[in-house]
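What follows is a pair of complexes built around subunit A, which joins subunit B in one and subunit C in the other.
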Partner chain A sequence: MMRRVVSVFVENKFGVLSRIAALFAARGFNIESLAVAETDEPGFSRMTIVVTADERLLEQVMKQLRRLIDVIKVEDMTEKEHVDRELVLVKVNAPPAKRGEIVELADIFRGKVVDVSVNTITIEITGAEGKIKSFLSLLRNYGIKELIRTGKIAISRGG
Partner chain B sequence: MMRRVVSVFVENKFGVLSRIAALFAARGFNIESLAVAETDEPGFSRMTIVVTADERLLEQVMKQLRRLIDVIKVEDMTEKEHVDRELVLVKVNAPPAKRGEIVELADIFRGKVVDVSVNTITIEITGAEGKIKSFLSLLRNYGIKELIRTGKIAISRGG
Partner chain C sequence: MKKSGAEILVESLIREGVNVIFGIPGGAILPICDILYDSPIKSILHGHEQGAAHAADGYARATGKVGVCLATSGPGATNLVTGLATAYMDSIPMVAITGQVPTSMIGNDAFQEAPITEITKTITKHNYLVKNVEELAETLKAAFYIASTGRPGPVLIDIPKDVQIKETTFTYPEKIDLKGYKPVYQGHPRQIEKAVKLISTSKQPLIFIGGGVIISGAHKEIEQLAKKTNIPVASTLMGLGGFPGDNPLFLGMLGMHGTRPANYAIMESDLIIAIGVRFDDRATGKLDRFAPHAKIIHMDIDPTSIQKNVKVDIPIVGDIKNVLEHMLPLLKPPQIKPWLEKVKKWQREFPLTYPDDDILRPQYVVEKIYELTRGEAIISTEVGQNQMWAAQFYKYTHPRTFLTSGGLGTMGYGFPAAIGAQVAFPEKVVFDIAGDGSIQMNIQELKTAVAYKLPVKVAILNNSFLGMVRQWQELFYDRRYAMTDLSKNPDFVKIAEAYGAVGIRVEKKEDVVPALKKAMEIPKCVFMDFRVNPEENVFPMVPAGESLKQMIGGMA
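Here is the complex of A and B:
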């Protein structure tokens, strides 16, 4: 069992997302994260799915995906050189006396403060998995109030 | 018809994503973007869905969502003060002579260069909708080779 990143290029029609999600569910795969949005070609979307799965089982699912009418292309990005990134919005407890150190941490990790209230700070951070993990584990010392992640998106390296 | 951002907090069980997507599809809603990933509470995920929808129809779908067994909370973020952000990875044509100006553009928009090849540059950018739109429209002059977006995620403002 390995964590895998699958990229699916689809025609943006009614129900394509639910058919794809159903296909994973039918095989007992739990989708860890999924991000889907329009590409630069009108009418086409790209989906990045992260699953922990046995390689052979995943290959079967990928074959089934390719048979769906609105699916144009399916790639296991884990197999190729790629860059993956995730975006996280995180709200932490931040009484005035702690604000300075939290903002400092955000700066170190190149996060951006997107909101401040009397007792909280909300930070936007992007990066690869390890960086986000380290940042969040430091923030946990202050108390995380809310955490929203996009899940990974992945793009191939090179031309 | 208005563009709306819906946040759904769910228990991360098999099939919850496909049931939610099916519910939108059954009503004829096309999901423009969807991002789902784990929160900081083990076993719980948060989904941000962007749809263009009539307010009353969307309210009906939200009611149906609330009845699903693994759905904990459903919020129309459009109705409240919130911050939304999206992450984009974009690969543009960049022959050596154009590299400098493209990197300059990335800097202006606080994007980050994540990969360079002989003829392309790949940039990571985050922001609200308007900023990303402006950046992409400038990049189109060079030729966009690949574009992958997470779709929006949204977090409430304040404490």
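Here is the complex of A and C:
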């Protein structure tokens, strides 16, 4: 089993998302995350899909993705020099006594406080996987009330 | 001048060279049917939309052109599903046009509404829901282009009723550029060179052809390849007709019900030249024991077919005809005399055979159809024993003369497919080799054959069983014939007569030839009810999941 980050460049037609999802679903692959939005070119979108799968099966899925009419390009980012990021919003228990500690932690990880209530703080953080993982594991000591993530987006380095 | 969506659709079809549509009308497709009424396009009314889809498929397989079928929304569209899946599995170029409820009602559970583009997403090469009449002409162009190029397949266009009525200026695009769809036609020259080298040094090579040869129109090139190199040829079910069945180098079909020479050759070969095949499990048997000593060259237009089931040493992505045209002048014949002698010995020792006695056996019927038509007929089949006997005992000498549901294995395919082929070739002899089980899955198409005076000959190999399933039950389930008994079959002669066709019953071996001759002289649809030996089995056979060496039965 291998974890892969796949970048798919598509024509932004309705139904394209479900066509792509169906290919993964038909083989029983669970998509870990999927992020999609329009690119600079109107009418075209880029998707970043993170999936863990048997390598040979995934190779087959990549080929079948390429076969879809609305799919223009499929890249396996895992094997390339690339930058990936994810945005996370996390609401953590923060009684007044702990608030200072938590804000300090957020600062260290270059997070941003976006909302504060009597007993909670909501922090926005972006970064690569490792950074987010360690930040969240620290926050767990205080009790995470709610968490939402965009899923990974990836772009290749250089030209 | 402005035209309605329905007019645009019909004009676009005419520009694509469509001259016949197979279908059934309904509320949501009425505007299109109304325009078809005065158009030069012939419309064939079927008894069931599945029949219409298979007829379009049969037309496409027999001609190589895109077959077109039409249905209304909801149940009309969902009835096409099996036909589309059948065409998709066998890479058949088809365009299906469905009516849809008006755009304002989509998603509201309107009367006769079904989300057919969602339903058919994974059984079509592509599909479209056309929401603006301005996009209709371009969508039609794209649909025909996608259906007929690369690895062909069915494309469905769903058109809401209001889009059929709305008007716009009509311009039909000359060509189309789809950013995400660029089939590769030319094989890579370096890969071709590597293949040439491997072929010329091989000692026990085998050419292994599939349906891709027929789709690509590469049968002549395959013949040249075999002639130049003297390499024997085996075929999948879908490849039959891609190489002359009467050529001494032809070993027949391989796989589950393949010939011993073909299967033995696969297992002992040191080089398999796989052309337009996809290594289906019915052809390969147990995968990890498939061709254990062979390197594999694999040519196919679809990159997803390569390395899917077997590890390939030299993949060549491209159109087969193109690739072979480049390869042929470079080839040097390999030195394979001992191999050829071995293969010839297998051919002598293990011909396809069945007992020569007084019993009316289905193999005999198929053999006589071959002899009487001199191999010049178009043969369609249903699925099961009838299909395998039709593959084994009729020698296909031309491409596009054997129409069978290979991938999906759709019972009920053969009769409507024969109707489609007969529409394309009114003068040719068209036979559906059927079973008594499968003929009843689309028997309503008798009405279509009669109404349009299509003289399709249906040879029902009637054993009063769902024969292939019964065979498995006999061999692997202790003869417990669960759900396979068809002894309460209707009288097929009377059914044919009730529809206005002709019925002939044959109960004795000596009556087979006279009955076939008579049927071929009658210029009408004829049902022949051959009461064959009930527990006849298809042999030889490789049990499911075994290697191709584990063949049982069929020895003289």
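Quick note on the criterion: the second predicted complex is superposed on the first by the 159 of 159 C-alpha atoms of A that agree within 3 Å, B and C clash if a C-alpha of one lies under 4 Å from a C-alpha of the other, contacts with A are read in each partner's own complex, and residues count from 1 in each chain.
Following the convention adopted for this analysis, contacts are C-beta pairs under 8 Å (C-beta built on N, C-alpha and C of every residue); 3 or more make two chains touch, one makes a residue touch a chain.
None of the values given here were measured: they were computed from a predicted structure.
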Report for A:159: first if it touches subunit B alone, second if subunit C alone, otherwise both or neither.
first
Quick one: is A:18 in contact with subunit B, with subunit C, with both, or with neither? Answer first, second, both or neither.
both
In the overlaid three-chain picture, which partner chain does A:1 touch, first (subunit B) or second (subunit C), both, or neither?
neither
State whether A:30 touches subunit B only (first), subunit C only (second), both chains, or neither.
first
For A:108, select first, second, both or neither according to whether it touches subunit B, subunit C, the two together, or no partner.
neither
On the superposed three-chain arrangement, identify whether subunit B or subunit C touches more subunit A residues.
B
With the two structures laid over each other on chain A, which partner does A:70 touch: subunit B (first), subunit C (second), both, or neither?
second
Common interface residues of subunit A - those touching subunit B in one complex and subunit C in the other
14-15, 18, 22
Touch list for subunit C against partner subunit A, complex
117-118, 121-122, 125-126, 129, 146, 178-181, 302-304, 307-308
Given the complex, residues on subunit B that touch subunit A span 7, 12-15, 17-18, 21-22, 24-25, 28, 30-40, 46, 48, 83, 85-87, 89, 91, 114-115, 117-120, 122, 124, 126, 136, 140, 144-151, 153-159
Subunit C-touching residues of subunit A, taken from the complex the two chains share
10-11, 14-15, 18-19, 22, 26, 59-60, 63-64, 66-72
